[in-house]
Structure formats: structure tokens, C-alpha cells
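In order of appearance the chains are A, B, C and D, and numbering begins at 1 in each one.
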Amino acid sequence: MSETAARPEVGAPERLIYFSDAVIAIAITLLALELPTPTGGVHGNDGLLQFLGGHSTEYVAFLISFAAVAMHWLIHQRLFRYVAGLEGRVIRWNLLWLLMIVLMPFTTKLLTSEVDAFPVQFTVYAVNQALAGLFLLLAFADLRRSGLLRPNTPDEVIADAAEFMTAVVLMFAVSIPVAFVTTLAPLCSLLLPVLRMGVHLVRRRTA
Amino acid sequence: MSETAARPEVGAPERLIYFSDAVIAIAITLLALELPTPTGGVHGNDGLLQFLGGHSTEYVAFLISFAAVAMHWLIHQRLFRYVAGLEGRVIRWNLLWLLMIVLMPFTTKLLTSEVDAFPVQFTVYAVNQALAGLFLLLAFADLRRSGLLRPNTPDEVIADAAEFMTAVVLMFAVSIPVAFVTTLAPLCSLLLPVLRMGVHLVRRRTA
Amino acid sequence: MSETAARPEVGAPERLIYFSDAVIAIAITLLALELPTPTGGVHGNDGLLQFLGGHSTEYVAFLISFAAVAMHWLIHQRLFRYVAGLEGRVIRWNLLWLLMIVLMPFTTKLLTSEVDAFPVQFTVYAVNQALAGLFLLLAFADLRRSGLLRPNTPDEVIADAAEFMTAVVLMFAVSIPVAFVTTLAPLCSLLLPVLRMGVHLVRRRTA
Amino acid sequence: MSETAARPEVGAPERLIYFSDAVIAIAITLLALELPTPTGGVHGNDGLLQFLGGHSTEYVAFLISFAAVAMHWLIHQRLFRYVAGLEGRVIRWNLLWLLMIVLMPFTTKLLTSEVDAFPVQFTVYAVNQALAGLFLLLAFADLRRSGLLRPNTPDEVIADAAEFMTAVVLMFAVSIPVAFVTTLAPLCSLLLPVLRMGVHLVRRRTA
């Protein structure tokens, strides 16, 4: 049924996918564009090592954001491999998801900019990440509802990816209030396995 | 007929489409490249919130331009899905359309740069947007005239997209003189549904 | 024959083509990245118009370089449409051609940077353009020699594109010594039709 | 066998390949983004030539990094042409490889930044290059182990590419201690043919 319904939209999934990949590729590469390099007043091996050490926050934030964007690409390609067609709402969620991806170099830069406002800086970053995950989940919920997945789509792959993404969204949501109490909020990522198991149990019961 | 005529150009639509997508993907990502982040003299949560609030024009302009570029991509993919082949003039209009897309990060930056010259700033932005819409309409008019659309192309999808784009072009054309009277010119976007209905009625009568 | 010889390289033309398109798309978009916008000290509509007029060289140079890169893309897609396979030398010329494309935002910026050294600035720009054309011609000569073009390749399309590109290379070569005498060297572009006719006649006689 | 095992992942190699190409295309183009152009205080042809000569390190480093990224693309496309499917570990190595590619504009900039700390600057650059090669080799080792190569994969092409990449990794590993003794460490690249022959002999004996 989905195959026939999607006929008039044939070719569309490919174009949305390649467009998404191009946007993600650019965003992930731009993350490295403003990594700090010494512009003057740095001397000798020790001086350079000190400079690099002093900017370790920026380098670590780059690695984390690279991993976040790569993770989004991984989940997207795992899910969209089974997409047979598209309809308006899916495209809209996908574009909103791309908007969040495009903002990641900016929110990463804001997170590491030299302001003593960790709660606000982290909140902007976490909201960006949580919304990215949410929009991808919404895109996928609409794909399912509209019967646009191929008949041979393996249930466990889909459930697995959706559960993981839900746990990521919850983790970032939980970490926001924590950031107002302590700068150790990024440690909330350690909750990910627990949250994932919780999501898994809830889904099983409601299924 | 169109299929045969397009035979020597086989493969060409795909390449133009992917090239266009790559350009659009880069332009849409570069929009976020210069979103302002604090570089010094900003302190505490309140300071950062004030900084972000003080630059809200830039953030809003980014969102509007993101929506504009995404809208262009949406219309382009809705129309080019039915393209069976290409000829010189279509490619030329498409490249001029891409020129306008490539300029959008620049005209967005100009619109929000700190100069008290709203009429000129807005005119440059609106001309950029109006020409982008116009070139896409011209590309599509030539596709139709040359019989390069697939036989199964649904008339209503095409008409719908063309009417919407025509209304967008008219809206930006109308907003330019308004910008010389009031900085509320962006509110002309509220005219879009009215203009669209007008375009629809005119087309129906002339059809 | 070419089809069989190219069998082990199947898929390769597509990847080189898409990679080339991505590089060209980025280079053409980056051209607009540093278009000047006022950063301060500019007031009112007149002030902004004066600012824009004062930087007209940059805007015109952007348009010319956009047209140059777009022209390269046009010729490349017109020729590579008929490519059935690839071999090492063709890939190498194609990569050198991309190197020249990648350098165009830089040489454009150098051309319009505020130095009173037009002969050197223009020479760097013209050498960049001439080498780009030369490498594309060499890639295509090797494609022909290795029998990697499809059997149905129309001779006149190929000859036409090659002649045009040869005329472009000659035009830039000619314009370099002229630039050491007068800043009107860009007017050498008016020679293009003449050079093209000359190339056409020479090719016909030698064919 | 590999064909059947890879069935559920059909389409995946294409998407990883196009995503990789987009990332590489952006990284290779960004290399040229910060090539120095005069911003003031440079006068006349002689002044400009002196400026360009004074920054020759940056221009040469750009060319070397362009060649390095292009070489990575060449090897990647030569190997991935024979890939029939993907599995998790291959994708992970490929993403780590892309992380190294994305870092190359940064490490190139660090290498040529005006700090008198050649040993540290060169080490960061060489580690980046060596890890890029290593991750590509690991991706390919996993492809082989998992039987994800097409049945018609020519052994000598694979062996050749893997040997070359191994020699590159060894060359960069060797050059790091040398950089702490002399700034002539880049001359280690002259060792490449020797290292390659050594790798070839070792592989033959152990095969």
C-alpha cells in the first residue's frame, strides 16, 4: 500500500537524503573552522603546549559536537534506509532537524565562549541537541503513521534507534536544570544507559 | 516526445539537481556562520541573556533566511521531480537562481548590519529574494515550453507551486516601496495568502 | 571496446563527478562569503549607497568569478555526460582542475585587495583561470585517447566545448602581458569570439 | 555470501560514500579559505611579490595538505568501489577517518602559524595524517574480515592501495622524532618509496 501511495513522490526520499547529508557534512566540517590557533605572543614548544592546554575546552567541545552530529547522521541513515516515500510533514520535521544541525557550530561556539554564564550557555546547547533529537523522532513517527516504510523494515532496528534517540532527548532535558546547580551537568551523559533501559521497558509495556 | 528529445541530455537533470542541492546546503549552513557570540565584556547569566536579546534581530533574520532558502529547496524539488531532461535556457535560469541563493547569506548580513539605512538594506534583501523566485519561475516556464516534463506530471502540483512562488515574488516587490515609508515592511508577508488567492484567480481566468 | 575496458572502474565516473560537484558548489558559495558589508561609521541610505558603490569592484569581481566557476561546471557536465569509465591520468587532471577551482575564491580576493599592484594581482588571477581551463582540456584529451567516451558521443558537442575552453585559455594567456601595460586587461574578454573562431578554423584544417 | 549478508544494509555504502565525499570536498576547499592576502601596507608589484614570497610557507603547506586530502580521496574511492555492504565497525572507522580529514585545515593552520615551536606544530600535523591513514586501513581490514567486498575484487588493487597507505602512516610516524631534531623533518617524505617497498616485501613473506 505504501508503495502505491508513494508513487507520485518517487525520487523524493533520495533528494531529501542527499540534501540532508550535504548540510550535515558542512555543519560537521565547520565545527573545526574556528578551533583556536596561536596568533601571536606564543613562543617555543612549551608556550604552544600551554596554549593548546589552555584551550582544551574548545577542543573537547569540538570532539563532543562532532560525535553528536555523527550520531545524528548514523541514526538518520539507519532509519531512512527503509523509507519508500515522503509526505509534507516528514519533510518539514526533517528540515527543522537540519535547522538544529546547522545551529550546532553556533551553540558549540557559544558554549565555549569566554563568558561566566555556564547555566545559560549549557541550556542553549542542550536545547539545541534535545530539539534535534525530537524533530528526528517526529519525522520518524510520521513516516510510520503514513505507512511510508518498506514492507521488509526490521522492527528491532527501528525500535532500537528510536529508543536510543528518546534517551538522548531525555538526557539533555534532565541536564538543563542540573546546569543551574553545577558545571558538572555534562556528566548527565553517564545517565544515558539507564535512560535507555527505562525507555526500553516503558515501550515494551505500552506495546 | 519529451523523453526522446531529452535522450541526448540523459543524466543531466540529476547532475544539475545534485549540484543545486550542494549549493543550497552550503548557503543554508553559512547563514549560521556569523551568528553573534560574545567575545568579551559579557558577564554572568544576565549579561549573556542581555547580549542574546540585544542581537535578536540577527537571530530572527537567520531564521527567516533559513526558512526562505528551505522554501526554495522545497519548491525546486517539488517541480524538478517531474523533469525528464534539460536544455540550455533552463540550466541558465537555474544557475541564476543559484546565484541569488548564494547571495542570501550576504544580503541577510547586510540587512542586520548596524547601519541606519533600513530602506536600502531591505531593498537589497527583497530584490535578492524576488529575483530568486523569478529565476525559478522562468526555469520552470522554459521546462514546460520545451516539453521536458514527464507525461505523468500532475497539473495541480505544478500550478500550486508556481502560484505560491509568484505570490512570493509579488510580495517582495510590493514590500520594497513600503520599506521607504516604514520599517514594518516585513509585515507585508501577511499579504502572502491574499496575493496567492489573487494569483490563483487570475490564472484560472486566463487558463 | 571502451565499455569493456572500463568495466573494472564501473561506478568511478559517478563518484568523481559528484565529488567535483561538491567542491565546485563550495567554491562558488565561498566566493560570496567575504563580500563587504559595513561594520561601522556608515550612516543613512546615502552612506550605505556610497559604501556599496565604493566596493563595486568586489561585487563585480564576485559576479565574474561566479560566472567563471559556473562556466567550468557547465563545460564539465557537458563533457562528462559521455564518460563511460576513468583511468588514473584523467582523475589526476580532474583533481588539478579542482585545485584551480578551489583557489578561485583566493585569487578573486587577491585581485580586489587594496594593493596598487594590478599587473601582479591580475596575473595570479589569469594564471589560475588559464590553468583551470588547461587541466580540463587535458582531462578530456586523455578521456578521448583512452577510448573512455560512450559510443553515442556526439562529435560536435565535444568539439564545441573543447574549442570554447581553448579560446578561454588563450584569452587569459593573452591578457597577462596586457595587464602589465594597462588596467583595461579585463577587456581582453572581448577577444573571446574572435579567438573562438580562430580555434575553430585551426581545428578544422588540422582535422 | 557477502552479497546476501549485506542485503539488509543495501543502499548504505552509497550513502556513507557520498557523505564522505561531501565532508572531504568541504575540508579540501576550506584549506584555501585562509590563504593570506594583503590587508594593508603593501604597495606596488614588488611589495605584493614580497608579501607573497614572505608567506610562501602557507602556500606550500596548502598545496601539501590539498595533495594529502586528495590522496585520501583517491585511495578511499579505489577501495570502496568494491564494497558490497557495510557493518557498524566499518562505519565507525570511516567516521573517525573523516574526523581526521575535518581536522586537517586546523592542523595545517597550526603548522604554519607564527610560533617558533616546529617540533610540536609538526607533531600535531603528522599525528593527524598518520591517524587518518590508520583509520582508513582499519576500515578496510574490517571490510575484508566481514566479507563485505564484491567477489570480483582484484587482489592486486587492494594490496597496492593498502601497502601505499601503510607506508604513508609509517613515514609520518618516523618523521615525528626527526622533527624534534631538525626542521627538515618534511624531507622524510623522500623515504616513502623505500618504506613502500619494505611494506611490500613484508606482506609478501607473511602472505
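Assorted remarks:
Everything below uses one rule, namely that contacts are C-beta pairs under 8 Å (C-beta built on N, C-alpha and C of every residue); 3 or more make two chains touch, one makes a residue touch a chain.
Every value quoted in this text rests on a predicted model; they were computed, and no experiment measured them.
For chain C, the chain whose average C-alpha position is most distant is A.
Remark: rotation between chain A and chain D after Cα superposition is 90° (nearest 5). As for how the two copies chain A and chain B face one another, under half of their interface residue numbers coincide.
Here the spacing of chain C and chain D, counted between their Cα centres, is 27 Å. Chain A and chain C have centres, each the mean of its CA atoms, that are 38 Å apart.
For chain B, residues touching at least two other chains, in rising order: 18, 22, 25-26, 30, 33.
Touching chain B in their complex are the following residues of chain A: 8-12, 15-16, 18-19, 22-23, 25-27, 30, 33, 91, 95, 98-99, 102-103, 105-106, 109-110, 113-117, 119-121.
Of all the residues in chain B, the ones that touch chain A in their complex are 17-18, 21-22, 24-26, 28-33, 35, 37-40, 42-45, 47-49, 51-52, 66, 70, 73-74, 77, 81, 154.
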